[in-house]
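Below: a set of structures, written as structure tokens.
Below, subunit A partners subunit B and then partners subunit C, in two separate complexes.
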Partner chain A sequence: MKMMNSDRREILKSAAMAAAGSLVTGGSLPVVQADPGVADLPDGEGLTWNKAPCRFCGTGCHVQVGVEDGRVVAVAGDKAADVNKGLLCVKGYHVGGILYGEDRLTEPLLRQDDGTLKAISWDEALDIIAKRIFDSPQTFAFYGSGQWTIPEGFAAQKFMKGGLSNNHIDPNARLCMASAVTGFLGTYGVDEPAGCYQDLDECDVLITWGNNPAEMHPVLFSRVTDRRSRGEKVRIIDIGTRRTRTTDAANEYLNMKPHGDVAIALGIMHLLIENNTYDTSFVKDHCNFRAHPESGKTLMGEAISEDEFRKRIAEYTPERVSELSGLSVEQIRMLGDLFGDRNIRITSLWCMGMNQHTMGTAINTLVHGVHLLSGHFGKPGDSPTSLTGQPSACGTVREVGTLSHALPGGRVVANPEHRQQCEEFWNVPEGRINGTPGYHTVKMFDQFTMPTDEGGDITTMFVQVTNPGQTLPNLNKLFNDKEQLADKFLIVSDVYPTPTTALANLILPAAMWVEKNGMFGNSERRTQQWFKMVDPPGDARDDCWMTIAIARKLFEMGHEGMQDKDGEFIFAVKDESGEEIPIWEFEHYYDTNVDKHLFEEYRQFTTMKHKNLAPYEEYVKARGLRWPVVEQQDGSWRETRFRFSGFDDPFVAEGEEFDFYHSSTKDGKAQIWFHDYEPPPEMPDEDYPLWLCTGRVLEHWHTGSMTRRVTQLSRAMPTGYVEMNKEDAKDANIRQGETVVVESRRGSCQLPVWIDGRGRPPRGTIFVPFFDETKMINNVTLEAYCPISKQPDYKKCAARVRKMTEADS
Partner chain B sequence: MPQSRFPPLVTRLPKPEDRPNTQEAPRSINGINIAPVPPTDLGTKRAAQTLPLHRPPGAIDEFQFLSGCTRCGDCITACPHDAIVKAPDRLGDVAGTPIIEADHSACMMCEDFPCIASCEPGVLIDSISPIMGTARITEHLCLAHHSTLCTVCSERCPVEGAIVVTQGKPTVNENDCTGCGVCRYVCPAPENAILLMPAFARPGLAQRHD
Partner chain C sequence: MPISGLVLTFDSPVEQNQEALDAIKAIPEIDLGQANDRKLAIVVDSDDTIRDREIWDTLQQITSVTNVAIAMVAFDSECEEEASNDTNSQDDTPEDTQGANRTNV
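What follows is the complex of A and B.
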């Protein structure tokens, strides 16, 4: 391996600095090289290395991307990145391969009356879309994802809410972390974790609540397990409904019943009170108590007294909790003692297990409550932390607010002041933004797949960067009906054919990852930036450009919403001489850095909730910065690792230990919630005797539309499967590898059986991953959702397993 | 944060022209090859020792194998996993004989070995153990040795106990490994971390006419 000599590195470094300040133009792409990331990577004629965050999960690892002759030819971990220090998971190493699947979409395709697809020009495609929106702007819906880059999400948000006065915009993140959002809001009055990944380096105990980071966030889990190989003691307690690869590394495994987590959290709080081991001074100084009012469930609830809290929690004795959760009384007492110990540091991790839950908001607030009540909060290693599954679920969905009820920077459409602020930032006329929340995801698809004459009032839907035809729950109800509805028009922008494009009327070929400029925000509040490095194939184009180009068509057709107060195009970008750059023409899109323009506009929105972001150029230099990022006296920009903690958060007043400065009670205090346990929406019975849980696997990301096209990943995990308990399989006379039918009241799916594989479910439970589009488990799942977050529960429903030879009953 | 004692892993992406060609299907009638095959002249001498080849399970001693194999392709047809292919022309004298190329498809160790059952000339036999070679793990290429979770080879290994995982890291138990190549086929490391070595020597048939 040839090492890069220092002279060459210097030249590249100065080139990087020069490029960082200039705008991206067609032919010459900037070279961004910070030495530590590439110091020992292979060198070669024409090979340049550039930084980019990984395209997959919410961990936010950085990779170094090797580009040669306009093609990505190599990928390595980025040593200069604080998140992953050069390490990657198996998907991350193959992230470059996702660009080069053989069936990339390369031209706009319009479905004909006979069902076939016909290639059309971009101009024709934009005309069709603009005409449908122009004719009926309020029955149009925009469905995106936590894979939208920050500028893409911001453009979509502005187009819908600031342009069309239409709030029917929602992301797939509704299916993914909406309950985490409502949990943070209900507890702290403001979204997103207080801690960061450093908690993983410093905790004494790690509790995984229905979470399998060994497979889903492997780089983060390595941070923990690797401490052991250095001789440190980290105790891992895995609370779950099945044994996983995380269990393999855990000191203890606590097998709970589905929904048992709610009872367990209540049981821990009960013991903290009963044993008087809760943190009296922390609670007195920094916490209030809260519960839903009797009139019904609300996001913010109402205040209750400490006495009332004590009275209600008194009912959750270890014995009762044991019955509800399936844990033993000793296990519950062990957890109670653990949180009662002030001399250890405890980090709780969770992801879909607690979020995809009909009590999602409740369990999120309860786990925060356990940490607050016990004072295990706000010190490195002492933290309740939710993980996200998408690269920019935080950066785009939660911060830009691409949800049907939200506006950028933590604002909501229902608040007149918030609407007014946004109208001012966007320079649009007063009253432009609609004050009524739009449809959330499940409702949006329900309205879209319902015939118009029966009240289905969404007639045109535009889907970007996601695959709802595979990921929505109960697909037969929420998606598959689209096929029969001739007057409903589905527009899908994607990079490969998917089950969603299969029903699309118009398919738009998209640029992906390093084929475009982008910014993501990861699970620990870290905002990341990258530059376009290669051209997309054929006629594939940026999603952000599509939104702007559609807006421009509408502008030209005379749609008033596409004009600001001064009659200018809402996405107008001007050059130094004041001349408008026609960024709606793709050949001019990279005449300027549109991402930078949109980001600088968006930055203004972020200070209200103290999620301050630095200027774009700071992110060019860094491997991401964790907000709030504030300017120092010397002009440098400082990121924040621990929010609300006086020792680190710049917004906590000097001398204060903690300040929850967005407290919903406006007294600087966080809320400790009480919720009563409720049973799951559907439970196994005589006809459907098994619990079905769904989820992901290490090798594939979400619906596999990218990873299944990488040979190595596809070979390593070639097919979806159903994990069965050995004894259950034996009783049903089912062999390893046999194909069976998994079915519920809603639909069925055929899958090979894997016994004693990666996951080992207890008796009466099966698990199926959802990555395989040839085996669609979401035909089987239930669409019941959390009443507050509207996030569906993919983790539990009643199902059965039938041998192929048995008749369908 | 984990620090590896190995150099960093780098994934190299093939350029389009580097993609391997697929093999063409064999043609045979009742065990007789009807596709043109280059002549083989082994004479009475042992074949020159070249690189050992990865033969299907149950293959007898290489010299006897080459003398007996008619290149009919029946084992290739019989294999339900398309794991057996014709040796390419570049291998000269042995071109057209059946081999396994685990990079394209590995032997799945079928319980009933249809390849052996289909072999009319009897150069694949069920009376010897189906050892095709052995696998070794190249630690500096293996993801598990780079602090990143990966358990694919041990999960997919068709021979119980042949790959064991201790503290997250796999090792091959050479006494049990048959060299089927499944681990090589499924390894998702940036550079394949499984070194698959064909058996250097295989048991022969008793020389009946002696």
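What follows is the complex of A and C.
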């Protein structure tokens, strides 16, 4: 045990007091100032410091990682990082602890017929996987995540689409931000936010749409609340279905019914037109109108005239919107007036509330439409901005395109020209890439857990860096059935045992975070890089290496797809003398920087949709760079804060104020969409009278598989719970802390009740976080999804709460 | 020697909980910080993880304290040892602290 000197102890104590004090006085700010004593600690005496992005949320804070004797011993906020300027939230402070849970997976494990697990060698594991794929390459599926690093995602993508000609690759990000992607595509013709975090520093009004950044993106939210403590005026309007810590910091809370957001956005647009307060010149110069054709819903829809738009939006009077949304007519008029005022700057923020929605694409395009129609767009502080929950949902999933329909750099498999471009970059024969999109997540698991003789045509699945056994909706249908199916083979690479490894046939021990090189891309288009700092435990290895090693086995078995046009291995890396480096052998994997090779290959794709990236070495020097990153005449590289805006975006022609240069109408204009309101797919009824909403908590990251291993975080939030309204609990004779059964038509879950807890749901509503694997709320949720994005709705279904005694009877 | 910044939430405004405040003040490792409505900031600076745990349990058992939240913990090797020790524990309270109820492979 090391002893702390008294100065350092005092510094840490005052930092701890400041942190606790900020929570108390700020009401909702779980953010702490970087400890200057830690951040300024010099290297030496065996202690070294290196930068890395935080492992957790899409905010993308940078940390300084202190390493001593091959072990992470300290973590500090990185003061040089523009994203967080030295701040970290409570999870970020404990990020080092996630490496050292006692039950790390350290060797490949193969499940035996009697259900037990037997340790096997890596070579045996790779042989088993390669044989299954070789025997049936088209019934293999690869399921990854927004925690895949950029090179990991790129390798998986190339392996599947450029190697196996198989598009059954999808990420868990389908469950969290697919609707944001389709919203951006439908509106601008290209994905990802136009603005950046600077919008939060400059807005006069922040509207959170079903979003709780105070807990989910705490450091980001602190940028807004810190402005208040400096005396600036920022008005926060929280539109939600329950009160949260964000509500505590808000000036106004607007309680909407589930799906009310769609009506509210339509109501704002109605008022902008009715009051003639919309931005006529912005709309005339930069926007078109759009809606779904009568024949059905499509991503790009069809053009409608402004008159047609006016006619349709006229139906959404404040009175009707009030009825649909639950807001008062005055509240809707207040929002209409706000957007009609161009002397203020308005930023909208959203995340899962709008994305996990059966009208996910619709509500995303509608909120963009509100900003476009009102002209609150493209100036610092005037922005529609979606956030991501995972550290590289943007960098890996959206940019590398690890979705079943996509290719790197904003290309899609269905487009022959795109396929040809990718085949050229990958130097694989023409026709190698399959033109039919693969299965999206829900379909993929449905096919995997369906008996083969009933049409379940996915027989082998490889899951990396995610925990679908806890996160899929309606687990009884989409995951738990796997247990009965002897011919289905589940391979899971992870760092700890999870509900997914519990059903796995083969478990692979993975390296995590600073145990490997990596690159992430955060919510503001910022690409970040870090180096491996410590060794993984036991025989745990990099996910990227696993993909390459499997590919190599297939290459050696003679699988043609593992060869490029010249007959070389598709992941061949050569040294300066032209000799191939055997990176598929783990002892040689770090003979070169594989991440750098893959990134430089991937970088070629990024110019096609103006998502240009700089060379790898630029990211080594920086705390991330926001794309498009373009080279200047002096050889330096310049990032972009505001896309499509002439004052900052290098791809907007000189003198132009705006240019939506990937417009789907090819006229430089964005699309303002109309969608009719539709009710949720399942509503409370006599048998299941409550709305169930699920989500996350501050202390735990997603399924808690990492954060529940950190004592301090686990203590702070030890167990899942159901939040209930006080009156609802009283009516049902349910007491604080009592364990109850939460159930739906699909399944049930036992949880302790928290009344008037951190979140306060209105009558008729309950909330359950999904971080606790011992209390699987996704047995209860619904798998209905947005027809365009295929993203399921975890935010609303019909449920009931029963006392244990009633449930028993 | 863990150092942590905690936020205690009471079931009523802090100043109405004199008895509880006296009990907290009586713990020598605790420094009291700012209070606001039902919330109180404190810092715990204990000699070892066992004592830290005792203090944590004591705080949680105070009847009028409804929640104990961590604002910051000094992260160093001691914390990891502590985490490792805790995962071996099978008699943690509350019932679902880590270790006892996680997936086994």
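Heads up, the rule we're going with is that the second predicted complex is superposed on the first by the 763 of 809 C-alpha atoms of A that agree within 3 Å, B and C clash if a C-alpha of one lies under 4 Å from a C-alpha of the other, contacts with A are read in each partner's own complex, and residues count from 1 in each chain.
As a convention for this text, contacts are C-beta pairs under 8 Å (C-beta built on N, C-alpha and C of every residue); 3 or more make two chains touch, one makes a residue touch a chain.
Since we're looking at a predicted model, the values are computed, not measured.
Enquirer: Is A:Leu713 in contact with subunit B, with subunit C, with both, or with neither (first, second, both, neither)?
Expert: A:Leu713 contacts both subunit B and subunit C.
Enquirer: Touching A:Gly77 in the superposition: subunit B (first), subunit C (second), both, neither?
Expert: After superposing on A, A:Gly77 lies in contact with subunit B but is clear of subunit C.
Enquirer: Counting only touches as set out at the top, which of subunit B and subunit C does A:Leu105 meet: first, second, both, neither?
Expert: second
Enquirer: Is A:Gly86 in contact with subunit B, with subunit C, with both, or with neither (first, second, both, neither)?
Expert: Only subunit B; A:Gly86 stays clear of subunit C.
Enquirer: Of the two partner chains, subunit B (first) and subunit C (second), which one does A:Val219 touch, if any: first, second, both, or neither?
Expert: Only subunit B; A:Val219 stays clear of subunit C.
Enquirer: Go through the superposed model and pick first if A:Asn364 touches only subunit B, second if only subunit C, both, or neither.
Expert: A:Asn364: touches no partner chain.
Enquirer: After superposition on the shared chain, which partner residues are touched by A:Ala502: those of subunit B (first), subunit C (second), both, or neither?
Expert: second
Enquirer: Name the chain, either subunit B or subunit C, that contacts more residues of subunit A.
Expert: After superposition, C is the partner touching more of subunit A.
Enquirer: Going by the contact rule set out at the top, does A:Thr774 touch subunit B (first), subunit C (second), both, or neither?
Expert: Only subunit C is touched by A:Thr774; subunit B is not.
Enquirer: Look at A:Asn288 in the shared chain and tell me whether it touches subunit B only, subunit C only, both, or neither; answer first, second, both or neither.
Expert: Neither partner.
Enquirer: Just to be sure I follow: which residues of subunit A are touched by subunit B in one complex and then by subunit C in the other one?
Expert: 1, 71, 73-75, 90, 93-94, 96-97, 100, 699, 712-713, 715-716, 757-758
Enquirer: Quick check on the complex: what are the subunit A residues that touch subunit C?
Expert: 1-4, 9, 12-13, 15-25, 27, 30, 32, 71, 73-75, 90, 93-94, 96-97, 100-103, 105, 109, 117, 496-499, 501-502, 507, 699, 708-716, 718-720, 757-758, 772-775
Enquirer: Over in the complex, which subunit B residues touch subunit A? Could you list them?
Expert: Residues of subunit B touching subunit A: 1-4, 7-13, 15, 143, 146-152, 155, 168, 185-190.
Enquirer: Which part of subunit C faces subunit A closely enough to touch in the complex?
Expert: 1, 3-7, 31, 33-36, 39-43, 45, 56, 67-84, 86-88, 94-99, 101-105
Enquirer: Touching subunit B in the complex: which residues of subunit A?
Expert: Per the stated touch rule, the residues are 1, 40-42, 66, 71-77, 79, 84-90, 93-94, 96-97, 100, 201, 214-215, 218-219, 221-223, 225-226, 229, 245, 249, 698-699, 712-713, 715-717, 757-758.
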